[in-house]
Amino acid sequence: MTEGPARGDVVVEMTGIHRRFGSTVALDGVDLTLRKGEIHAVLGANGAGKTTLMRILAGLDSPDQGEVAVDGHHVDQFDPGAARRSGIALVQQHFTLVPTLSASENLLLARPLGRLRPSSRRLRRHLDELVDRFGLAVRDDVPVSALSVGEQQRLELLRALDANAEILVLDEPTAVLTDAEADQLLAVCRRLADDGHAIAIITHRLGEVFAGCDRVTVLRAGLPIIEDAHVSDLSRGDVATAMVGSESAGVLVAREHVPHETPDAARPVRLHVADAVAGRLSGVSLDVREGEIVGIAGVDGNGQSDLEALLSGRIPPESGRVEIDGQPLEALHPRARRAEGVAYIPSDRYRHALVRPMEISDNLELGRVPAIRQPRSTREAAAAERLIEWDVRSAGPAARAASLSGGNAQKLVLARELDGVPGVVVACYPTRGLDPNAAETIVERLLIRSAEGAAVLWIGAELDELFAVSDRILVLANGGVSGTFQPPFDRAAIGLAMTDSELTRPAAS
Amino acid sequence: MDNVLTLDTLTAALRLAIPVAVAALGALIAERSGVLNLGLEGMMLSGAFAAYSTAEATGSPWLGLVGGTVVGASVGLLLAAFVVVGRANQIVTGISFTLLAGFATALLFQQEYSIGGIPPRIDRIDLPALVALTIAGFAGVTWFLRRTTAGLALTAAGEAPEAVDALGYRVGVTRTAATAVSGAFAGLGGAMLVCGPLGLFIENVTAGRGWVALAIVVFAGWRPSLVMIGAFLFGLADAVQLRLQGTDTAIPYEVFIALPYIVTLIALVVRARASHTPAALGVPFVRGAV
Amino acid sequence: MSVLGPADTDSADDADGTSGATPVPSDPASSTTSASTAEQLLAASDGVARRAMARDLLAAIVVPVVGLVVALLVGGVLIALIGEQPLSVYADVFNGVFFEPRGLSDTATAATPLLLIALGYAFAYRARVFTIGAEGQYVVAAAASVGVLTAGGMQSLPGPLLIIIGIAVAAVAGALWSGICGVLNVRFGASVVISSLMLVYIGQAVLQWSTRVGIRDPESFVALSRPVGNAELPIVPILDVHLGFVIAALLVPLMTWVLSRHRFGFRIRALGYNPEAVEANEVPAGRMIIAVLLVAGALAGLAGFIEIAGVNGRLNDAASVGYGFTAIIVALVGRLHPVGVFIAALLIAGLDIGFEVAARSSELPTSMAGLVQVLVVIFVVAGDAILERRRTVT
Amino acid sequence: GSDDDDGASDDTSTDDTAAASTDATEETEAADSDAPKLAIVYSAEWFDGSWGEAAYDGATALEASGAVSEISLSENVTPGAEAERAMRALAEDGFNPIIAHSFDFGEDVKAVAADFPDTIFLYAGGFGDVTDNQGDYDQPFYEASYLQGILAAGATDGGAVAGAAGFEIPACYAMYEAFLAGAREIRPDTEGSFIAVGDWYDVQLAKEGALGQANDGATMFVGCGQAPTFGQIEAANDEGGVSTGYVGDMAELGDSVLSSFEWNLDLVFGQAVDDVAAGSNEAQYYGVGLGDGGLEVLIHAGEEGDISDEALALFETRLAEIQNGEFEVPFIPEA
């Protein structure tokens, strides 16, 4: 490595950062110190201010008060370009790739090598070098929009690394990854830190903190609760308590298999999929019975998104059948599906479940708006009840859905979809991006609906969670079901069924 | 019928196509960057008038082209001030600019030239030179978009402005420049009409060619090569319909007049699935918005 | 979906006028509260609504007024530059609308086609279906309705019945002409902007042929249809405007109601913001696109019949005078809200009437009059944008 | 009546009395001057070197001669509602006669005329469309066109006739047919073609249409309407052959312009003004043809030498015959 600060030297010093948005205090005097060679975890419940802090560091936002110093130089102009030049790269919570460009073109855009574009061969070679160096596989022959979420996340990371950034800031990079992918990512981070990078990583997964990070800062409602502590000095309980407050800490650390009455095999099949072929799916069959929760596990990119599209009626099966109570699903219009009792919790809530610029009360009615609507006041009163019931933190039913944090937006979707007793629930990553507390609430609600008779298909990324809720787990690999498992679940066997497909996953093709 | 598809028809198609093609290249640049330039027709007309007055005053049609380009670019810059910097609604502002240019050129033309007489003629530039210029423009745009980093950034600004911004590019500057260049091309297109095949100016001389250019960009799926082909096809449809009218036929002439538009419509349908609209087209960029 | 150039998102405010700009990164009103009862939450929500309403009112009143004043100042300088007296021109404009005996009723008459067409555009643009083809629907529907009304034997029917037939035929013809764009878009993915524009040119050719051959009055030397006779719209007493204005004006509350209280309106708004969510939860987006285009086309068609039956009584080949394009501006200046569209239609028509008077009574060239009118539109829209900016700065 | 306060404004303003009743206005104005007040509305702009300008010149000539006391000239008046408004306002302001200078104004003129029975309204129908106080005026361009056809054939060695208009309207089509008939007097086997450009303003399209006709063998070009005529002239300039000016002297547009015709609308409008001055409210079909000096064919200097003597002689003969009524030019308004 070149001359410069030695391992452990402070490279980023943020002190007394304040940031308000209107009446919301996002950050209320937060310090953050990043050091060379260290991975610094930033934790906090949804809306705690983590993203805001990192956006300020990356020049995408500016603090109302407080100082930022990078490599000892005081930052006086908050500007993304300047931040990049000073060696800071941010991988944002939401993707910031240009979807129509290829992976290598995205890299070029981030780090132009001059006025003229190099040949595409040279670009590809450069990408290959990066892929080899960091072990993060990404395809280059398709536009980024055609990559799986995991691949996009890897590309985001490669792009940050390509900038030769000394300071890497990762905002919930593992939220969209499977456990295996998350482990791999952490390993890469470790290596980078060992190479002398300073890394800040936001995560909701405590395991990751204790497995791979050096220091931790925990925010709660914009206030620093734990500041710059060594991970080794803390227990899981300490961190969990700091995040969510003491009263609910227990739930967080010890989520266990909820005793679930094994459903009678004689119960009626509500959701029936037979030899379905669509997109990556090459002949998937599965049945979900009344009162049953079927988990779908697998490495991201093995057909989950096609399964979701199929079960939500977005695409018809190319062959085979998808039936709800014996009726072909694709023949039912959205509202008819709902009338059949189908609830759908999509993996991308902002695309498929919410109309963000519309009011929260409108969003609660989406899919079941009567021909002539109630007066506004009636609608809002009903919506307010529901928001309280589902603990959706908002400015009220007249606020727009766009103003909700990711977790509260998800709760809003659930409040709508799980209202009443749905017959069939298609739940895709229902706890993605939620803080542990919120995730727990949602798991509970789904279990209650299941106990009430709903047939639940749960596509998940975290194995622990799937183990906790599922009556059966199917592993999706390379577009097909590579294994069906009953409790007690055999982690090793499931891992094998999944890793089987690791060899054939898109990145390696 | 044998007089319909001849070399003459093809050169007629070229003459009809060139102003539209050049303006369409301009529309393409703006749209690739995310700005819907509905002021295109107005910029063409302003360019046409500027070219005419410059050529008339200096005696050189080539200076006319320069004048048209400069004025087109200025109008483009003004539009950018409203829609990029000011984030005003691109549809209304663009249409208003077109109307404004129509009124302004009419007023100036009337005041400068036409009271009590027929406006003077200007020297003309030959077709081969116009073709060469058009090809140069096409090559320049293609090269810029495909081979330069700035071209990549421009396209990206029309697809994912927030991503481009986060990488430290200036989305506003990129779009302003693109809109100005768009105006320059449109102005040049108008100038090439007046200093090329016509050698004169009359009110509303561009007669809707800017709108056709906008249609061609969509038809072309925002690809320069297809813009050229689309413009030529449109010119050909017009050249052919005018010649078909001369043949003995029982078909009402209105069918022929509508022919280029029917052809465009069919081409649009055939091509539609293949095109990809820039995702941020028409959406003002605000850092930090959703 | 191939929609082009989304409208200024802010102009798509909720029909109830409560929501502000979208998307706003920092909306002070939207801060999360920790209400523990529904009542508290509702109270907080009311605060949100009130603040948004105050803001919208400001936008709706102050911005156009300031825009108007700035435009008139700039226009005044230009008028002075060509040697006319700006103040006397503006006085003529004002008198032309407010003190000429028929200034106001002429304004209402001139506003009628703009209002009808712009109401349709407002629906379509809220759904982010960017049709610009009303001009084509207008002429085709005018030709169709006049054709039916002047067909053999029709004129023996009573007037009111004829008017209803005319309305129905025009609405259907306009809807079908517009529906073509919908089908081409949904089935083949063809851009609505462009296909609707192409259909304007084709519609104009249809008009030429209809008046020259198709529905031509055999008695007439020039391209002209037979008179619609009994289908002529009566003049409404007191208002001194033809019935068409009343019909158009009644559509304003109707469409406001549809937007805020009917499922169709809900879907239109939702479609504009997120077609995928509509598709997943409510109705196939393609169907909505077609439905919206049918409604917009029906209104443009209605305008075609009403203009012919209300003003001239016959269709000639010069009937395409550009209302379909002016109405785009009306819709957007009216911020896609029916009430706003109503006001914008009257404003634009009023400027037209006023400047016509001014151009007649002074040496003001018509191109200068047009120029000043366009400046008004540009500055009103720019003012809107400036307000929007102020809002987004925290 | 005059309740507005713009007394400081310019003197040309006539609408200070706008709010006054129609009758009062008429009486006051009539007391000021015996001569009628003439108003013309037009759908494009006056200074087009052609149709619009002819009306402008006619009106100003009448004003200069004192035949009218005042003129009001409104350009860019769209047919339909706007035209009606303009004419009503003019009628209320005491203008009489009121002339709508395009055939597209027919219905508007009729609608307004019915409400102002004492005012004479005319429009450029060109086919004798007269009822009560609503009249029409003749556009006997085909007469001039016939003579121009003779000249054109006399100046060329062969080739076809090319005709063009914005749309296929009777007055234009008749010009083409007359031109062709004139040319056939010299060369009986002359062929011709007629195209509708689809637009009255698109010069390039018009020119390309004419070039297509030239490629097809046309040597004699006749256009109707501004852009179609410009297009025909340009094509002839480029491809050879002779072209024809439409309304107005178009010699300046190029060496190919063999002849033009002027339309002396002061004579036409003058008749209506005389009727009004005489207290009549009965409109007529005001026609002043070639025979009465309403039209004048201009043979452009420098070209005369190229026209065959036979053609020049025939031109003179037919001109004289038309003037004394011995010859009637065939009027063929439709294909």
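Observations on the structure shown:
The first chain written gets the first letter, and so on, giving A, B, C and D; residue counts start at 1 in each chain.
Convention: a contact is a pair of C-beta atoms (placed from the backbone, for glycine too) under 8 Å apart; a residue touches a chain by one contact, two chains touch by 3 or more.
Just so it is clear, the structure is predicted and the values come from calculations on it, not from any experiment.
Among the pairs B-D and A-B, the greater number of C-beta contacts is found at B-D.
With centres taken as mean Cα positions, chain D sits 37 Å from chain C. Between the CA-based centres of chain A and chain C the separation comes to 44 Å, rounded to the whole angstrom. Along chain A, residues 356, 402 each make contact with two or more other chains.
Residue positions 9, 23-24, 26, 205, 208, 212, 365, 367, 370 of chain C are each in touch with at least two other chains. Within chain D, the positions touching two or more other chains are listed as 45, 168, 198. Here the touching chains pair up as A-B, A-C, B-C, B-D, C-D.
Of all residues in chain A, those touching chain C in their complex are 21-24, 47, 312-314, 333-335, 338, 344, 346, 350-359, 362, 365-367, 369-373, 375-376, 380-381, 384-385, 387-388, 393-400, 402-403, 405, 408.
Every residue of chain C that touches chain B in the complex is listed here, in rising order: 2-9, 11, 23-26, 82, 130, 184, 188-191, 193-195, 197-199, 201-202, 205-206, 208-209, 212-213, 325, 328-329, 332-333, 365, 367-368, 370-371, 374-375, 377-378, 381-382, 384-386, 388-389, 392.
Touching chain C in their complex are the following residues of chain D: 3-6, 8-10, 12-15, 18-19, 43, 45, 72, 74-82, 84-86, 88-90, 92, 103-104, 106-108, 111, 125-127, 129, 167-170, 198, 333. Residues of chain A that touch chain B in their complex: 58, 60-61, 79-85, 90, 92, 96-101, 105, 108-110, 112-117, 356, 402. Interface residues of chain D, counted against chain B in their complex, comprise 45, 47-49, 53, 168, 193, 195-199, 201-205, 207-209, 211-213, 215-216, 226-227, 230, 234, 248, 250, 252-254.
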